[in-house]
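The two complexes that follow have subunit A in common; it is paired with subunit B in the first and with subunit C in the second.
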Partner chain A sequence: MTGLAADRRTFLKGLGLLGAATLVPGCATSTKSPGSGSAATGELSLQSNLSSEQAKAAMEKLVAAYNKTGGSQVKLNTVAAEIFRTQLPTYLTSANPPDVYTWYAGSVADSYAKKDLLLDVTSVWDSMGNYSKAMQSLSTSSAGQKIFVPTSYYWWGMFYRKSNFAKWGVTPPKTWAEFVAVCKTIQSKGIPPIGIGLGDTPWVASAWFDYLNIRINGAPFHRKLLAGEGDFTDPKVKAVFTKWREVLPYFDPKGKSFPFQEATSALLAGKTGMFLIGTFFADSAPKDALDDIDFFQFPIIDPAVPVAEEAPTDGYFASKKVKDPEGTKKFLTWLATPEAQNIYVQSSSGTAIPANPDGKSADTALVKKGKAMIEGAAEITQFFNRDSSDALQPTADAALTKFLDKPDQIDKILADWQAAAQKVFKAGA
Partner chain B sequence: MIRRTGYHVAMSIVSFLWVAPILWVVVISFRSFDDVAANGLGSLPHSFTFSTYKSAWEDADEFRALINSLLVTIPAVLLSLGLASIAAYGLARYSIPFRRTILLLMLMGNLLPPQILLIPISRFVELIGYYDTLIALIAVHVGFGLGFYTFVLHGFMRDLPREIQEAATIDGAGPGRIYSSVILPLTRPALAALGALSFTWIFNDLLWSITVIRSGEKMPVTPALLGLQGLFVSSWNVIAAGTVIAAVPTVAVFLRFQKHFVGGLAIGAVK
Partner chain C sequence: MTSTVAEAAQPVARSGDQAGGGARRPRRTGPRRVSPLILAFVLVPFVIEAVWVFWPALQGFWLALTSWDGLSAPRFVGFGNFSDMVSDPIFRTALKNTAIWLVLFGGLSVIGGFGMALLLQRERRGVGIYRAALFTPVVFSLVVTALIWRVFYQPDGLVDTVFRTVGLGNFVRPWLADPDTALYAVIVPALWRQIGYVMVLYLAGLKAVDPALYEAAKVDGASAWQRTRYVTIPQLKGVNSVVLSVIVIDSLRSFDIVWSMTRGGPYHSSELLSTYMYSTAFQSTQLGYASALAVVIFLLALAVILGYLIRAFREES
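And then the complex of A and B:
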């Protein structure tokens, strides 16, 4: 009998422990409603991957400005970029998903539209007539619906330090032959001419593949190849690597071991000559070095091929399951206005260009030059992963890293790449 | 004598290698961003600043993240050790039918790689309406820890002398009383060791927190540190400072339970 009583006491003690445990976090969480839900109060949740200090502050400013305009209140929820990337499919497929998301235009957004996860925002585009054709097609799903609202873009280029180029006596090249000559000159000064950073950031090599492919074979071929309608064993693809081999000896041999951020430091310190990278690298440059930075367009290889440039476009899409479609569309319409984009561009790092042609980009020579280059391009591509899918990117990383190590095994590497890509395309279909 | 010196020299080198990465992180945490950007992470420091700690504390909201971490870790440790000790007590001291099978079954759960359970757990937590709450995170940690803790405590309790329990029974104590007044106090070294261990595991967990939590303000400290990494560019000096701050609670727990920890490990290992 006593045993039974004691048993019950232990049990109660256990229960008490359980109760106490659930109560503690209960206090902490009950003060704030969960990040999503609560459609009745007209609250929208915005899931953002812009977690770096400056970008996060810019987003907070943007949301605060919208909340002042009345209408639905937007609640910003910033998640680490790396977590966001891996969890985005989970967010979108959950029963109670966040409403609006920061993400990329192009195939990568379309891959979610194909799974019927995105809100049709065609009506938002009624107010966006002034956007360029390229932006429109980037925001249209393969089913013909508008699913994306672009808000800013940036560009890729061959960046260098003006003072170093002056010191070495070289001028920015325009053609491939001039480029190779510049590489030779810089190497003769004992400096590795082409910087790269592949440790932890192997995707940086894809920029070389993208650019060589769009310069040699043109943007339409490039897009088809990335969409699974081509073949990586195609002789035209091999031609890309043959061209690449011509400049391979000029790559910084240390570039394989450190990430692109360290490669940026190497460029700024004059340990490498030039660096093919997106403008986001400027965030990792000391402010006093920025004035000395310039870029040139990736050299022209075949003048007969219409010039294409890489200009990755960022923006927003919304979940199909939003609780308040009208409120969501109103918010997206506001995000597409030049006012909203100016707020973001001014408070963020300053190299992003507003997607709205009426928006104001930063008034620096560098940004003006970049904007002019993109506007003058006949075709725009995004970037390897954005023109294909996040699933195809690792196959490119594996193939390109191997190529940089063992360029003479190119036939086998391309065959392996094709096999790996085939698997990705089959899984997606 | 030469052998002794050789031993000390060799061990000093090994300990230095062991401590070097931590020292490196501490050094980076005191460097300014421009210094890191201009000279690279590997170079010797050219600057000294405390501002990294300030920005880690404020921008990453590390205070709130630490509170979240403790709100998860403390209940999870208490609950899992409490439940595990009760289970181990029952399984070790009473002839419950199939007790070996039960124990092995519990341990088997721990042999599964957690990655394959990510999606089922995230879906299940959502189904019962606890997605994006700290309670869900506590429940997951308790569930995952239970098997291993029970196994360790079972091994420990089984070796306690039978006579103590018999004496307590003669004195009129029931199973509950024996558990709380006799067995539990004797298990303290093992509990302390497991407590320190599970505190570190749960506190340092990243995988489960990002699986069941979506809101930035509910994230524990590990995902908050990840949040200091930008999409492309990361301020490594601030991340280093944040890491140093985040390491304080675990180090404190370890220092506090150090004696038990080493003792507890040995007890569990040599039967």
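And then the complex of A and C:
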């Protein structure tokens, strides 16, 4: 009998566990939020997608510094970037959402403003008069409200090893013709000139599309196309691919198999010549190799087109349903100050540049050069997904990786891309 | 819904009464009191199940008829999502790949698992090591398996080296990045794992076969092949239905290994229905269309398994 009793007890325990397990996964359409909403006691929740070790530590420092200033107490909740991205709509539409979120400026933020889910932070911008025009327009919704507080940005460029360029006897090219010549020289040394990493990170190819498009057709055309006001079968878009095809033979064929982190290793090991990438690649690079790293601006193709550069801007926005709008705005105002941005930039990997012009960026030649390039640009773009939406990105990934594989099918690829993009725009409308 | 609960609860209650009444088939003699404990055992799991399984599943069917981006309210579009599928080339690729997956992954893991079980069923010295070795991949999470195999497949990795050493260097290609090989390159590690699993199921089944049958067959002069064909295989009918269900369900829900190796790429060439459903739902945020894909997957699984079950029941009766 005792045996039976014990069995029953273990059975009940098991049942309890089972019940608990079924409670864990949420339901897609439920409006309950997994994040902790703020209590009305002056506590703010900050949902962060900066989950890499360095960035997370930097965020913890930042929050600790604010909590000492005596405003609301901020509670940091770090979520893996991929989960954050898929859950963000659920957070924002829930009844009791987290207050402040890390996110990206531009179209990806505006899409939430269009659904009236974001807090109007126009009053925060009163203290941000020194921010650049580009930052202002990036943070303004299509309805004309400020909905975003930018805190840092980084840049994209064609990175290379100085010692290798010296060894191969090439100098950084400025124009497309010079670029092609450099590719030829490097290839003649038996090295694939252009590195890329598309396995797992196919979105890296979008940098090429973005840059070729803003160099050939200009930033306004690029933005319109990504907003669904253009057509990917447009001959102007095809011209981008015709240009791209001129340098396809110089791409590293192995780049299709590995992610950008390994493409970074390949560049640092001298197995490829150059690599079009954002400065975040430095996170996974050894520090001593970084001293040998330099970059050049994506070559100019048509001098008549105003020069645009990709400078993805990171920052924060807040939910419309925050419990304590004043406390939230106070926190956002603090995040916009040079002091706050310095804390973050100094503790993170060091290639991010503070969005506040008075903020101090890392004192390296590389960062100075990057900052000067962005400040000298006539137009700023963000990146493919940030200028359109995360939903459009997979359509670009499919089209661009297919183009790299089968460039002669370009007409079909563009038609398929347009059809896929149409579906995304229709679903979002 | 509540009536089914009551119906389900009653036989339980009756069998509980058997000891006291002694009658094998109790007649309806007025309302019987059902023990509250038993009622709780039936109702509590049912309520949990209803809230966390049935209700979301029903919602999934409803969402399949809508266009929904996860932000605004779902918009009813009738069967629009399903008619879109007909003209969706990616859906067709995913469907075709799922069929290939079902046949190759399912078929080969049954053949391989059964073969291994036959080879390793006899107790010999060291046979445990072989069984353990074949079963080890089952213990790994599929994501870990995917990571290991990605290292094998990487440029100049193990697979390339082996091909070059045996003089097949011309066949070397970016296995996971070539649209012609990506799907098959993912099936191999999936099989590597599944064969061990199916082997264990068959080993258990083989243990249950009465050795007297083999002896009788031997006395009658049956060859080894005949013993397998006419004794072993018919005796394994019960295991077969389990294996078939496991295989069909595992094939249709195969997701983790494909996602962690290729993400359905390059350009959708290794897309399965499951990965396509995930990417439409959480990357393209077309949740309505993704729900419609989920409904298709559900119907496919149901059709295959129901088909088999109906046949099995008919043979029994």
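The rule is short, and it goes like this: the second predicted complex is superposed on the first by the 392 of 429 C-alpha atoms of A that agree within 3 Å, B and C clash if a C-alpha of one lies under 4 Å from a C-alpha of the other, contacts with A are read in each partner's own complex, and residues count from 1 in each chain.
The rule is short, and it goes like this: a residue touches a chain if its C-beta (ideal position, glycine included) is under 8 Å from a C-beta of that chain, and two chains touch if they have at least 3 such contacts.
None of the values given here were measured: they were computed from a predicted structure.
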#### Entry: First (subunit B), second (subunit C), both or neither touched by A:A289
first
### Task
Examine A:T90 and indicate which partner it touches, taking first as subunit B and second as subunit C; both and neither are also allowed.
both
### Task
Give the label of whichever partner, subunit B or subunit C, reaches more residues of subunit A.
B
### Query
Thinking of the overlay built on chain A, is A:P98 touched by subunit B (first), by subunit C (second), by both, or by neither?
first
### Message
Between subunit B and subunit C, whom does A:G327 touch in the aligned arrangement: first, second, both, or neither?
### Response
neither
### Query
When the two structures are overlaid on chain A, which partner does A:K256 contact: first (subunit B), second (subunit C), both, or neither?
second
### Message
One more residue to check, A:P202. First (subunit B), second (subunit C), both or neither?
### Response
second
### Task
Applying the touch criterion given at the start, work out whether A:G157 contacts subunit B, subunit C, both or neither, answering first, second, both or neither.
neither
### Message
Taking the superposition on A as described, I'd like to know which of subunit B and subunit C A:G230 touches: first, second, both or neither.
### Response
neither
## Note on the structure
Contacts of subunit A common to subunit B and subunit C in the A-superposed view 18, 22, 25, 28-29, 86, 90, 258
### Query
What residues on subunit B touch subunit A, complex-wise?
33-34, 36-41, 55, 59, 67-68, 71-72, 74-76, 78-79, 82-83, 86, 119, 122, 126-127, 131-135, 138, 172-177, 179-180, 210, 214-219, 223-224, 226-236, 238
### Task
Can you check the complex and tell me which residues of subunit C touch subunit A?
44-45, 48-49, 52-53, 55-56, 59, 63, 67, 69-72, 84, 89-90, 153-155, 174-177, 179, 263, 265-268, 279, 282-289
### Task
Would you pull the subunit A residues touching subunit B in the complex into a rising list?
2-10, 13-14, 17-18, 20-22, 24-26, 28-29, 32, 34-36, 47, 49-53, 55-56, 77-83, 86-87, 90-91, 94-96, 98, 258, 260-262, 264-266, 268-269, 278, 280-281, 283-289
### Query
Contact residues on subunit A for subunit C in the complex?
15, 18-19, 22-23, 25, 27-29, 86, 89-90, 92-93, 112, 115, 117, 198-200, 202, 253-254, 256-258, 390-391, 393-395, 397-399, 401-402, 405, 416, 420, 423-424, 426-428
